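Letters A, B, C, D, E and F mark the chains in the order given here, with residues in each chain numbered from 1 onward.
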């Protein structure tokens, strides 16, 4: 059976305008919207918009928490814009920790590539769910709940995490409380922490007021 | 334990780009989208974008319905843009009424702050659900259904209503039928109202044709 | 009961700003977003934005597949932008076929206006669901699954299809495999089709490499 | 290249459990949920769950409105459950009308198969959008807004409508106001209709109180 | 014009099956689903399912935080199930505080009915947004972010809060950290709080380990 | 400051009922719904519901495609139910391939842990996007589009993929066309493949008719 090109092309031409919504590569030069960034023109999109190499490099863990989180959210990886998913890389040196934090806009699934992690989360009902994860184990952290990851082994940890949003957000508890201009008095009143404790951590993290 | 500032800051800097999606304060100078208005730059956002004082003033009820609805939707209160919620204030003088209406884009929850309201809605199945609400009572009106509120007491009513959308819309039945250019003939054919009735209300409400 | 115009108008004016979100007629001159195109100003919207006559004309079926799909997606019919629905017209001449395809972004419901169609889809679980549809029959094709329609009668087919998105997308299997620059070697490795078969169809459909 | 069956089958078996979510044919014997009915077991699903012939028969228009709406919502057509779409058939005899109504849960697209319709809707901003539609014309009615269809020609009308939900709901204005137990006093207070008008229509439509 | 009852009724009967999805009053005796609880039969639903009086009573603030939150979520108020909204009442005595917390599943809008509140939230980007709110002021707290409310005046505070979900969740920071079995060692490692501080608060709040 | 346990507990008790919606561990013994499976009782949920070790074991690639996909969807990993995310493991031996396929219900992000992959997808607009990915590279595949992964290196490939749904579905092209009861005649008519080609692959894959 022979299918003349020109005829198929004709059918195709009619429909191709409608197909731009397969994806929406972020044009981060424009203001974003509640659903994400406006879309780059399809004619300017290449495969490189859908590929990102930034997670191939270990994060710098030469810091006090001995850990690093490297995001591939829509701001770094415009191909995920509008697609309901993103990734991040987690490096945790021996003795390191990803401190208590939440993702206000997404659930997270973690997979351990190497090393051992003590990971956990706390529910609204105050329930505690934590466990030691080894290579190949996965754990899910429901949206918006406080959770943490600690290197519980004797070797460096490498893990990847997937999120249910291209821009999950990240609120690190200590930063929220101690690394900004939120007055110590307000921190103390709303957390019941002692003044000395608050001021100590504010000092360390550069908080003011 | 001492946490050098520069190190935490480094971790923080990496991640802060991804966090703009916590909120999306409406830039109402730009065209809106199906998901809401584009976002104001985070660097220009202040706490005042998230606070609104317009509901603190009683609406003017010196009118024939003796009632006023004061909205805090995204157009008035840009901080709710993209967040799936908004509010409005309801003032109903003695003898006043919020006439039969729908919100095409949201469900509503009402709380009575003072006074008594006879409130109700009608379902698609033609079911009638109405009741007298007193101070502190709340009632939910499912999305898109005809509903009403009548001051059923002897004192002024103050109530607040929450909506499940930053732009719930509001279609007041009498306005839709009688306060525009919809020809009387079409109104009559589609509502079975008498010509005299239609023309009387068109006259009152300023409808033409 | 008399309702002074000016008073109602006052109430109305307060609320009209919030009502633009009833609809969002696409301004296709602006970049689209994950939720659709930005909205045309309400003041410039007319009834013609909500009406489209492009499906009133039979598609040209003088081609090898003897079929034509005429879309009324948001790119053709800006009124559906943001409303979660669109339509298309299906003309299939005697002996014609709408080849195996998917809609990545929507489910589809088809209604036969005239003629008979053998229509079917295949599930993720490899299940086969096909049946002959006659005038007045409807069939639903779940989102993203391979499906097809064949004129199984002796007269021309007219059908309309509704989609659960204003931009459902359309991926025609043969075009995806044989009508572009995807190298034959990759097609063969990923489909197990013979080289001769791949090259034959690439030749017919204008594929390269 | 030969692909041993048993090996492919093995791969397939692993994955088939996950594929049930392609569709969710309604089990209407179980209580529904906010997202629709629970799913019938995939093993009991046949092609007949996805095909419906109920729209092939003209609705009975031997009534005073000379019109009939025949739905293919999830309750009638379980295959659309969870898929975000449904259909209905519209028959309007000469002189007939589909009275002013809303769909609280869906937008609607109408296509005229035969005859002429004067169709329109009214926006929250009180805007009037109506036009005469002829064979092949389509019109979209945004979610939750009052709209109507009148046979404006000299021949019977046949039209089909698609909805952006498997259960769009239907609230007919006259039924909501006059065909139930909603007290006349409440109708009058909330619509400004005259007592005589309300009682007349309540009488006709069987309303009480 | 006379409209015979039996005929309208006939039209109505056809359609009423589809209308149950106007609302979905929670049947909390059945297991819930990701979209909420299964629906109570429409025939058993009364207006009382849509009305709740539990917020009419002041919460007991005779406690150390001198505050009380009284929820009207789907578990307490089944009428909001599936409708994307809920409410709560906030009582804060002089000197009281609603401690630092998040709602993992909803944004919140607060309205001050009486008294003065110092309310604030912290963004993912570590931004601090707080302000004193007086009677009639409203403030929005985006989903999942840490926020707090303090009685900053000299009289009792009454406020109501709306949520963009029927089950917003509530994670109070101090409870999550100190009022359960999460081992002190894990708390310390993931928050950088001193051991003495952690043990002190665990002692107060009844935490173990 | 001392916070008596009993008082906090009182506040907590009031609120704990509302918190079950943090997560919804699948009770796979009950019928699923369009939003996922009903929830297991919170009192029976343990950390093990949120952890899964099934991806820690290499899939069996001793088959003709020399590849294996091991899913952690809601059916295997009940903790992701309702959370909008899932994972899978990809093992591809030297010379192996994950054949052309789609996920009807999710977008996918892939990360290469070891080896090299030639991965690509084809858009609705017939665009071809493919590239060689090395260790640490990630690539996103938009929802519903045909895509593939080929081991393009000289060593075994290990990769993990995240999905934007707990039940993304998987439709492998060759299985859909050749491994079931879809009649050869229909396959040929809808794909333009030669009869010999169709019968050859049906033979290999166990297809009938």
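Heads up, the rule we're going with is that a residue touches a chain if its C-beta (ideal position, glycine included) is under 8 Å from a C-beta of that chain, and two chains touch if they have at least 3 such contacts.
As the structure is a computational prediction, the values presented were derived from the model and not from experiment.
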To reach subunit C from subunit A by way of touching chains, what is the minimum number of steps? 1
Could you tell me which chains are in contact with subunit C and with subunit F alike? A, D
So subunit B and subunit E: same face meeting same face, with over half the numbers shared, or different? same
Just to confirm, which listed pair, B-E, D-E or C-F, duplicates the contacts seen in A-C for more than half of them? D-E
Please report how far subunit D has to rotate so that its Cα atoms sit on those of subunit E, a copy of the same sequence, as a value between 0 and 180° in steps of 5. 120
Pair with more cross-chain C-beta pairs in contact, given E-F and A-E: A-E
From the centre of subunit B, which chain's CA centre is farthest? F
Quick one: which chain's Cα centre is the longest way from subunit C's? E
Dist(centroid_CA(subunit C), centroid_CA(subunit D)) in Å evaluates to 20
Whole-Å distance, C-alpha centre of subunit A to that of subunit B, is 34
Counting in whole Å, what is the centre-to-centre distance of subunit B and subunit F, each centre being its mean C-alpha position? 41
Mark out which residues of subunit D touch at least two other chains, giving numbers and ranges. 1, 3, 12, 15, 18-20, 22, 30, 33-35, 104-105, 120, 123-124, 126-127, 130, 142-145, 165, 169-171, 175, 179, 192, 204
Which of the chains are touching one another, listed as pairs? A-B, A-C, A-E, A-F, B-C, B-D, B-E, C-D, C-F, D-E, D-F, E-F
Counting only contacts in the complex, subunit B reaches subunit D at residues 97, 99-100, 102-105, 118, 120, 122-124, 126-128, 130, 142-146, 148, 150, 169-171, 173-177, 179-182, 186, 189-194, 197, 200-201, 204
What residues of subunit B sit close enough to touch subunit E in their complex? 1, 3, 12, 15-16, 18-20, 22-23, 42, 45-48, 50-53, 55-57, 72, 77, 79-80, 83-87, 106-109, 111, 113, 120-121, 123-127, 129-131, 133-145, 160, 162-165, 192
List of subunit C residues in touch with subunit A within their complex: 30-35, 60, 62-65, 67-71, 73-76, 104-105, 165, 167-172, 175, 179, 201, 204-206
Where on subunit E is subunit D touching in the complex? 1-5, 7-12, 14-15, 17-22, 24, 27, 30, 33-41, 81-82
